[in-house]
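Right after this note come the structures.
Paired with chain B in one complex and with chain C in the other, chain A is shared by the two complexes that follow.
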Partner chain A sequence: MPLVLIARGLDPVLRLWQRCTGTGGMITFFLLPNMAIFGVFVIIPLVLNIIYSMTGGVDILLKDRSFIGLGQYGRLLECQDYLVSTTCREDQFWTAVRNTGTFVLFQVSLMVCVSMITALILNRKIAGRGFFRAVFFFPVLLSPVVVGLIWRWILQRQGLMNLIVTQLGFDPVVWLNDRFFAFSAAIGVSTWAHMGFYTLILLAGLQAIPKDLYEAAEMDATPASRVFWRITLPLLGPNLAVVLVLALIRGVQIFDEAYVLTGGGPGTSTLFITQYIYEVGFASFLRNPGLAAAASILMGLVLVVLTLIQLGLSRRAEKGNAR
Partner chain B sequence: MKTKIWLSGIALAAMATSAFAQDATQVRIMWYSDGIEGEVIADLLDRFEQANPDIDIILDNVAYQVIQEQLPIQLASGAGPDIARVTNLKAQAEHWLDLRPYVADPAYWDANFGDRFDWMREDGSNAIPGYMTQLTLTGGFANATLFEQAGVELPAHGATWDEWAEASRKVMEDQGLPAAFAIDRSGHRVAGPAISYGAKFIGEDGKPAPMNDGAMDFFTRLTDWTAQGLMLPEVWVSAAGTTYRAAADDFINAQIPFYYSGSWQVANLSGKIGDAFDWVVVGSPCGPAGCSGMAGGAAMVAVKYTKHPEEVARVMDYLASEDIVREFSERTLFLPAHSGIVAKGGLNFQSDDPMVPPAMNAYVAASAETLPEADRMPAWVWGNTVYGAIVTRISQVMAGELTIDQAREMMDRDIADQVEAAGQ
Partner chain C sequence: MGRIVLKNIRKAFDAVEVIHGVDLEIKEGELVVFVGPSGCGKSTLLRLIAGLDTPTSGSIEIDGRDVTKAGAADRGLAMVFQSYALYPHMTVRQNLSFGLENQRMPKAEIAARVDEAARMLEIDELLGRRPTQLSGGQRQRVAIGRAIVRNPTAFLLDEPLSNLDAELRGTMRAELSALHARLSTTMIYVTHDQVEAMTLADRIVVLRKGVIEQVDTPLNLYNKPQNLFVAGFIGAPNMNFFKVEVKSGKAELPGGAQIAVVHEGPVTLGLRPQHLRLAQPEERAIAAEVFLIESLGAETVLHANVEGAGQIITVLDGQLDIARGAPIRLAFDDANLHAFDAAGQRIG
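Presenting the complex of A and B:
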């Protein structure tokens, strides 16, 4: 009843607005609430972040900070040899960039492959298919902190993994103290935690492929591998593109589960760019909000490029499908 | 009809309650706990509220990380609680309220807490910003049972770090332990020992001095001990940046015979070890310059953005009163920072654990051995900057990412960058 009253009260106002501004004005009117929320939580913080990145000092409030132009960017980019992070003024930033790049390369490849294989298996008529779909999706529902803690407990010196190792007669290993294993663990745990989501996207894509194509291939006695490469993979293209780019963006933003699992160590071997920003901006005794803001802007630019690639790929795939 | 009567009654009761609550002034305290002190302070504050119904105290028991990361942002924006328990005392001094005009007897505060006001107020100020809830001192704990089982004598008072490392190595080898000793991953923890080796962190001009040979001598030892498998690697190596990691659990689980931490661990160790093994406090091992630990502690400070300074001062007067400080220290096993109580002595630490009284006495004795450089550190505004640079870079050396010479250069650069940033 009150809603009806509100609608009746608004009706003449909306009619007047439409008369003055046309259909475009009505679209604006209905978009306004969402745009306001987007503005408050995205646009304003983004603008503030850009301003922060051009200020110096250790104070938190903008009014207490001095304008230094592109000084923070200059500090981040000052390097004698970009391949050797210790020659850079902000060596940990470049270590984090290198680590993040390596992480993305391996984790995204692994994620796409594992999700693809899982989706293909779950798309078959196997016993307990519903159960296995739930099992693979379950880690997605867990908080990343919980994921990190679970695996930390498994891999620590007195953890489950070492219990098994010692039962087999070997000496315990401090898994997370080994640079290679800690990095691999970050990749593996992140893949384990998120593959359910990507599997779901690919599964939806697989189920959308017309069955008659497979029936035709079967009648022609086409080998399974050829069916996969010539039917499944091309028709799964748009979904794969989405998975690839989403995984890529998520990979660049890796923080929570890796931070809880390894803390960035051993040394800085699993220090990723988001942890660097967090440390410099908030957590460290060597706090510098302007430097953290500049690093986050640079990371944002990388994400913009990745998003543009996603849009490009999606549009290309749409055009391909239309033909 | 009955329902209506009931609802009316509930509404009236709610109105009466809210009217009553409005009469009381709310004082919000942000508090963190290392051990049981949260329960103790809650009990003490309940008693205050009963005696002072016009003040309603809200105790926000938060994680230490909130104090370190969120409180500074609240303070910078002119908000925050009325009172807070903090450890980053000096760097945030501009946000503390001067209680001098509000407390009942400023002379009492000066006489009993005045020695440490400089730790938490701006240089040159005569403000009363709060009081230390406890003094802490870094120092070592030895697992006496493991030493005994290994047939290794506990190094005597005055033993050097090298002697402790060697004795602990023998225990490690004999008992098949993963490491000989561990030190918390914290710049504060290693600063005292570094000072024992001749480190001078404070320059002539009051700004940070470059890392000297004394400091590097101890840091080189630390990295060598880690490389030799004597120092438990996962505490320092398995993290980046300034992340704090304690090694208390490894000591509690009898994985290391020697653990360097501080006096605040006594209640924790007593509660968790129980009678599983005997442990003793051994003070700080020595270097060429002395046997220094590092003093520190947490303080209750009034925040200057409070709207109720008079009520805040009444709460602070109560908490800082001799009886309450004494009871708090005795129940929490913390060293008091109240000069009067220290002078009178006779603290009756409430613990059935026979390890506790000698442990507390050992810390009191060790507090006399801190070197002047270590005594200056808590009141020095750049202390945390130096600690941050040490822990970040020395961890990288331990992980094999930097040489000790590169670490020295980078520590100096990190500290200089931070000093420069603060001046912008």
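Presenting the complex of A and C:
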């Protein structure tokens, strides 16, 4: 009933708007609410972020901050040797960059391989296929904080993992206090949490490959390995490229589950760029919103490049499918 | 080489049996066409021969060797798929050579075979292109080329022309016939198009619901169909049928025309539309009333109602000046009558 009343109330306004602006105006009218939300939560913060990145000081309000041009960028990028983070003025930023780069390299490779293998298995006629598809996809539905907490409980000193280890007769390991294990855990947990999504994309790609191509290959006496390398993989190329770029973007943005799992430690061994931005901007004692804004703009630029690549690949895939 | 024997082949998908004990012998070098309505099992039978599916029971022999349990790759057969099944990311040359590379054939021999097949099929200008850059007819040639280069024991063709337009289908049909004459290799061809079956086949296998209804040459199928199904399926337009009662060797057709039948009891009589003609005044005939006229230029197809016996179709030569609703009388020769008993089997 209230909806009917609202509709009746809006009707004369809409009619007047359409009379004044035509069909094009109506399109704008219906898009306006979403555009307003997009503007308030994306465009304005983006512009503010760019402005903040050109200001200095510890104050939050813009009117209290001084304009310093590209000073924050200069501070972030000032390094004697980019390969040695301790020679950089903002060594933690470069540690975070190095950690994020290493994380992306291993996590994305692992993600693509595991998703690919899972998709190939789930594409076969195996018993309980529907159940396994659900099992692999379920972690995607979990909140990253929940994922981080679950795995922290599993990996903590008195956690499930150590229970298994001690049952097997070994000494317990403080997994998250070890640099190597903590970093590996961040990679493993992140892969577990998101692989269902990428598996789904690859599974859709596998199912789109016509069955008769495989039958033609069978008639051609093609060995299974050659079928994979010469038929499946090339035809899955567009999907694989999309998965690769999406995983790269997600990898660069890694924060929530890793932060809950390790808190960036031990030391700075799992400090990633997003956590660095968060801590410099909001969490540290001497917070520096301008520096955090500059770091986030630099990270944003990397993401823009990756997104453009992803868009290009998606369009290429669409063209390929249209043929 | 290329003799294929099927012995009591059955195929079931879960609890549903779709092929019910097929026995068939295909001679070396023969072009056999499997024809039948949708769901009759013709493609399933072809896939069983190809090795893409396994029969539930029965055996398949190729040149005396039992291949029932052998994989598709071990049967020495080549298949042309309805969708062509060309690898879209490979060039025509790569598509043609892919199967030969699997056999680890020397590169020079692969190139020679591909070039020869390309010349034969007149696709040598297309070797650098991808399937997406080819027309339907060109793709069809490439698919056939891919089968030819393997020099198989037999070719299996699953409705290869069904994706082409009518004109191209006619051209490709003639080319396939010429190709078979040149290669003299056994070919099994699946189609639902009886024109393709009649024009291409040495012998036609008519299938219905997973059972072979008749195996014979195209003209024998047309002239002496063994049962009502084959009589109705082969020939276009469909054969006209009349149910009559034979008493003392005589039956009365609608309109009173008397004919002799060597049988007693209920009989179905069949007359092909092409075997009816406009009757002379004194001639014995079937009386009907025209309700549809299809003028095709060289011939005219008349659809007419016969009182008490349903509809009748006739194909008459030339162009006729007949109006809708006009009464006509259709004569026929007794020699062109087909008679079937109550079980639908041919009499005589």
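We take it that the second predicted complex is superposed on the first by the 274 of 323 C-alpha atoms of A that agree within 3 Å, B and C clash if a C-alpha of one lies under 4 Å from a C-alpha of the other, contacts with A are read in each partner's own complex, and residues count from 1 in each chain.
What we mean here is this: contacts are C-beta pairs under 8 Å (C-beta built on N, C-alpha and C of every residue); 3 or more make two chains touch, one makes a residue touch a chain.
Keep in mind that what you see is a predicted model, and the values were worked out from it rather than measured.
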| item | value |
| --- | --- |
| Partner chain in contact with A:Ser143 - chain B first, chain C second, else both or neither | neither |
| Touch count on chain A, higher of chain B and chain C | B |
| Which of chain B and chain C A:Thr166 touches, first, second, both or neither | neither |
| First, second, both or neither for A:Thr87, with chain B first and chain C second | neither |
| Contacts of A:Ala283 with chain B and chain C, given as first, second, both or neither | first |
| Partner chain(s) touched by A:Gly267 [first = chain B, second = chain C, both, neither] | first |
| First, second, both or neither for A:Glu215, with chain B first and chain C second | second |
| Chain A-facing residues of chain C, complex | 50-52, 71-74, 77-79, 81-83, 85-89, 98-99, 102-103, 132, 146, 150 |
| Chain C-touching residues of chain A, taken from the complex the two chains share | 210, 212-213, 215-223, 226, 230-231, 234-235, 237, 323 |
| Of all residues in chain A, those that touch chain B in their complex | 56-61, 64-66, 68, 86, 89, 91-92, 156-158, 172, 174, 176-177, 179, 182, 262-271, 275, 279, 282-286, 288, 290-291 |
| Interfacial residue positions of chain B with respect to chain A in the complex | 68-69, 72-73, 76-77, 178, 187, 233-234, 237-243, 245, 253, 255, 384-385, 387-389, 392, 395-396, 398-402, 406, 410, 413-414, 417-418, 421-422, 424 |
